[in-house]
Amino acid sequence: MKKIMNDPNRVVQDMLAGMIAAYPNELKQIPATTAITRSEAPVSGKVGLVSGGGSGHEPAHAGYVGKGMLDAAVVGEVFTSPTPDQIYEAIKAVDGGKGVFLIIKNYTGDVLNFEMAMELAEAEGIQVDKVIVNDDVAVEDSSFTIGRRGIAGTVFVHKIAGAIAEQGATLEEVKTVAEKVVNQTRSMGMALTPCTVPAAGKPSFHLEENEMEIGIGIHGEAGIERKPITTADEIASELTEKILTDMDLNNNEEVAVMVNGLGSTPEMELYIVNKKVNQLLTEKGIHIYKTFVGEYMTALEMTGCSVTLLKLDDELKTLLDATSEAPAFRN
Amino acid sequence: MELHVKDIIQWLEKTNEKIQLNKDYLTALDQAVGDSDHGINMSRGFHEVVNQVKTKDYTTVSDVLKDTAMILMSKVGGASGPLFGTAFLRFSMGVKGIDPINQDAFTKGLEDALAGIMQRGKATTGEKTMVDVWSPVVNYFKVTTNVQADEVTQTAKQAMEQTKEIMATKGRASYFKEKSIGHIDPGAASSFYIFEALSEVIKGEG
Amino acid sequence: MKKIMNDPNRVVQDMLAGMIAAYPNELKQIPATTAITRSEAPVSGKVGLVSGGGSGHEPAHAGYVGKGMLDAAVVGEVFTSPTPDQIYEAIKAVDGGKGVFLIIKNYTGDVLNFEMAMELAEAEGIQVDKVIVNDDVAVEDSSFTIGRRGIAGTVFVHKIAGAIAEQGATLEEVKTVAEKVVNQTRSMGMALTPCTVPAAGKPSFHLEENEMEIGIGIHGEAGIERKPITTADEIASELTEKILTDMDLNNNEEVAVMVNGLGSTPEMELYIVNKKVNQLLTEKGIHIYKTFVGEYMTALEMTGCSVTLLKLDDELKTLLDATSEAPAFRN
Amino acid sequence: MELHVKDIIQWLEKTNEKIQLNKDYLTALDQAVGDSDHGINMSRGFHEVVNQVKTKDYTTVSDVLKDTAMILMSKVGGASGPLFGTAFLRFSMGVKGIDPINQDAFTKGLEDALAGIMQRGKATTGEKTMVDVWSPVVNYFKVTTNVQADEVTQTAKQAMEQTKEIMATKGRASYFKEKSIGHIDPGAASSFYIFEALSEVIKGEG
């Protein structure tokens, strides 16, 4: 394991200190927690947006805290959901009287911890609602599974729910649009090399020199298939086709595209993937409204990428284009 | 069987020792069917439990267990944190007002704890989770007039090893589908240490 | 070598196609070249800014093309300076009648190719001037060497020269401010693992499992020292101290800080480095005006980071804060 | 010695063959003291030279060399592109109006080429660059009444190997300071192939 760190058990604390040092006017840390809020939180008369999860996915989630996006992000240990007490502190800190909305990725740990925090907050009389993001089509979505994982598509939920909340929408309106985004977002990823949790010290899985894994999760959870590495075009096609199979997308409909790097993949390669994704969609008559290429939801230093499609309508386009001042999402 | 505050604390301490000793092993189990953090999570949680519990003067078993619950809840994280937290919280509530606790009270506590895990995790047996260890242990306590330390360990151990054969349908391991077969569930293993520690406490008090 | 690509000899073409596909309204490619300009180029009455260099440093340089920053970036093969004919095409394409300014990193190849292009353009009557960026304090700056390399600090030159050009400054004014930035910028980097040029197929150097290299270049050129990996705090201190030794920075002066990832380093680790950089500067009474943490000038998938300090005055602060619409630098 | 258009084209073809054959070797040399691209750069450049030159009908040696220069300039990139480009451009200018070229003309061309490299690269001998091969070869041509193919190869080869001993003070290799010692300079090696190819052409017509 080669990492630039001090104590592997203190990476989260050190990272948060480094973030606050970088954005002293924009972000603040809730004392004695690993939760980060916008400096002006709570914004009165605005629904507060809280997301979070394990760390190791940077810039998710703290990088998306800012005007037009999240009010707070709760940061867990590496790949470990934050605990209810921390989430509860974040909820209290961003409650501006109009309720608080939680954006949760569909992992057992995240769901349990956020739900417990929600119960604590409701017991204190704070109005809380939530959405659970499950965009990863690599996992079967049936009643026999715990359902799909939340991956890079979560960033679209942050952006769009954040935009409508910023406009003064009610908790219910925020929930409605967030659910729409969740319903219209699909993603899938793949990896070439594993990543190492700092405190574990060893790679979380192994791939042969010529192998890749299609459908892998952002914590290294099993994907659909391990097979020899193919070309960027074939990888892009496989991810895109799998997503399209699961999406109700017609000719002439509009999408936002995200080609997301998992950590170690050079941006050059992400653009190479985007070339093919763009070509495939264009051939099918699908109109690409906006494209995002970069690192939005990583898995430490995993090598690989994911593709996300978000089906748009006029409402979502306006919200996607709205100003965001979050450090990791400026437009 | 009669457990006083000091026995419960000893139980927690012994659990902690085992978890620290097997931290890397638990993480390795989670590497096979999860995200390589279970040992780290449990180690962080129980270390803190032992650290905090020993600084206080407790008069009831219920209070020790309640603090344990709150610490696990706020230190472990992941899926196992709220589950073990809920387990100890329900246990604490189940034995409230009883001190020291005898086998009946302990059984009631365990039963409530298991119900808590199952409810919180929306899980049942046969899904390759900690439930698969807690459930047979609870059952053993329920059906056995005179609980034997070695039988507790035995029951928990067998149950833990049995999780190898199961295909996970809950928690992160469920993403691994068939590939989850052949590996012990990490939460089952840490639950085993909890019960092995318990058995040593029971043995100690004779 | 594990890379997401099609033909290793076509990575640059594929990448550029993927970039244009991502930003069809913002960027365009000069036909039959590997040069990218803003879609509105040439902007009449504005000095045109051209930079570039080998590829593999993404988002540099094409990611910095946009309103408020560069007018064009000329993209060479991986780690290979672009050729004079390509640079010449870019100069012609962004000449809005007020002259063209070249931002060149101090490598023999870059300097030779850009200078030859400059001669070609001047022969055609285009007014051209240039600045050579040499911020890397790992290299001795003496008459016995070819001088310091240009690394991540180049992005500050793009940003600030871009801002003043956007305001309508003359070629001479652009040059004056660009030279000021070059004089007031210092950087140094380090690496934990090497990178692989796609067409070469093998890592460009080797580091032992416990080794790091301090002062390494962004193409893997030798640094100052190889030694066992130390803590993030020690790494941050070593880089920062070396930079400060070479900078004329007094108590109460202001700087911009950049903590740049070389490709594979998780953002988490960059923030951990920033924590210490921030602390060191603060202890010395140096005021941090703005901090940039992220991947600005990479070396394919090299693991490591660099630290850059830019000494600010009121003029530079205003220009640093000016709006940029470049895909990789939004503010 | 008398070189016609066809001989010059053969020279370029033979150079290309050698460079393609040794592409990985040149890149490996650049790995030690540079950025791992020299073989790739030269291979791309000479491949294109040979491709384009064979499609045209040339009447003068100068024109072949001029096209070669322009193609190298626009295809090689890096430091070596403008340097080899300049070399062939000056060569072309130096032999303008002379066809076929005899030893004197060739020597004049080579001399101008070297001057071009040195001027463009602000380099002199002893800096571990291609200059360290071009310079002794030019010198050999200048002082030898009857140029011998084997002596050309010999001179270039020795000079190339000699670059091992030099500490680089120009180009990317200069960053490696003392560490550059012990490695052959990549541009010196590709220059050697150019002269080895030349020697084979001279031998063929000899």
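Order as written gives the chain letters A, B, C and D; numbering starts at 1 within each chain.
We adopt the following convention: a contact is a pair of C-beta atoms (placed from the backbone, for glycine too) under 8 Å apart; a residue touches a chain by one contact, two chains touch by 3 or more.
Protein identities per chain, from UniProt: A, B, C, D = phosphoenolpyruvate--glycerone phosphotransferase.
Please read all numbers here as calculations on a predicted model, not as lab measurements.
Counting hops only between chains that touch, chain B reaches chain D in a minimum of 3.
One finds 54 Å separating the Cα centroids of chain B and chain C.
Distance from the chain A centre to the chain B centre is 32 Å, each centre being the mean of its Cα atoms. Remark: chain A and chain C have CA centroids separated by 29 Å (rounded to whole angstrom). Within chain C, not a single residue touches two or more of the remaining chains. Multi-chain contact residues of chain D, defined as those touching 2 or more other chains: none present. Interchain contacts link the chains end to end along an open line, per the touch definition above. Every pair of chains that touch is listed here: A-B, A-C, C-D. Residues 27-28, 31, 34-37, 39-41, 44, 73-83, 120-121, 169-172, 174-177, 179 of chain D touch chain C in their complex. Interface of chain C with chain A (complex): residues 2-6, 11, 14-19, 21-23, 55-56, 58-59, 63, 192-193, 209, 212, 229, 231-233, 235, 259, 263-275, 278-279, 288, 291-293, 295, 298, 300-301, 303-305, 330-331. Taken in their complex, chain A has these residues touching chain B: 9, 54, 76-86, 107-109, 112-113, 116, 139, 144-146, 149, 197, 199-200, 202, 204-205, 217, 219-222.
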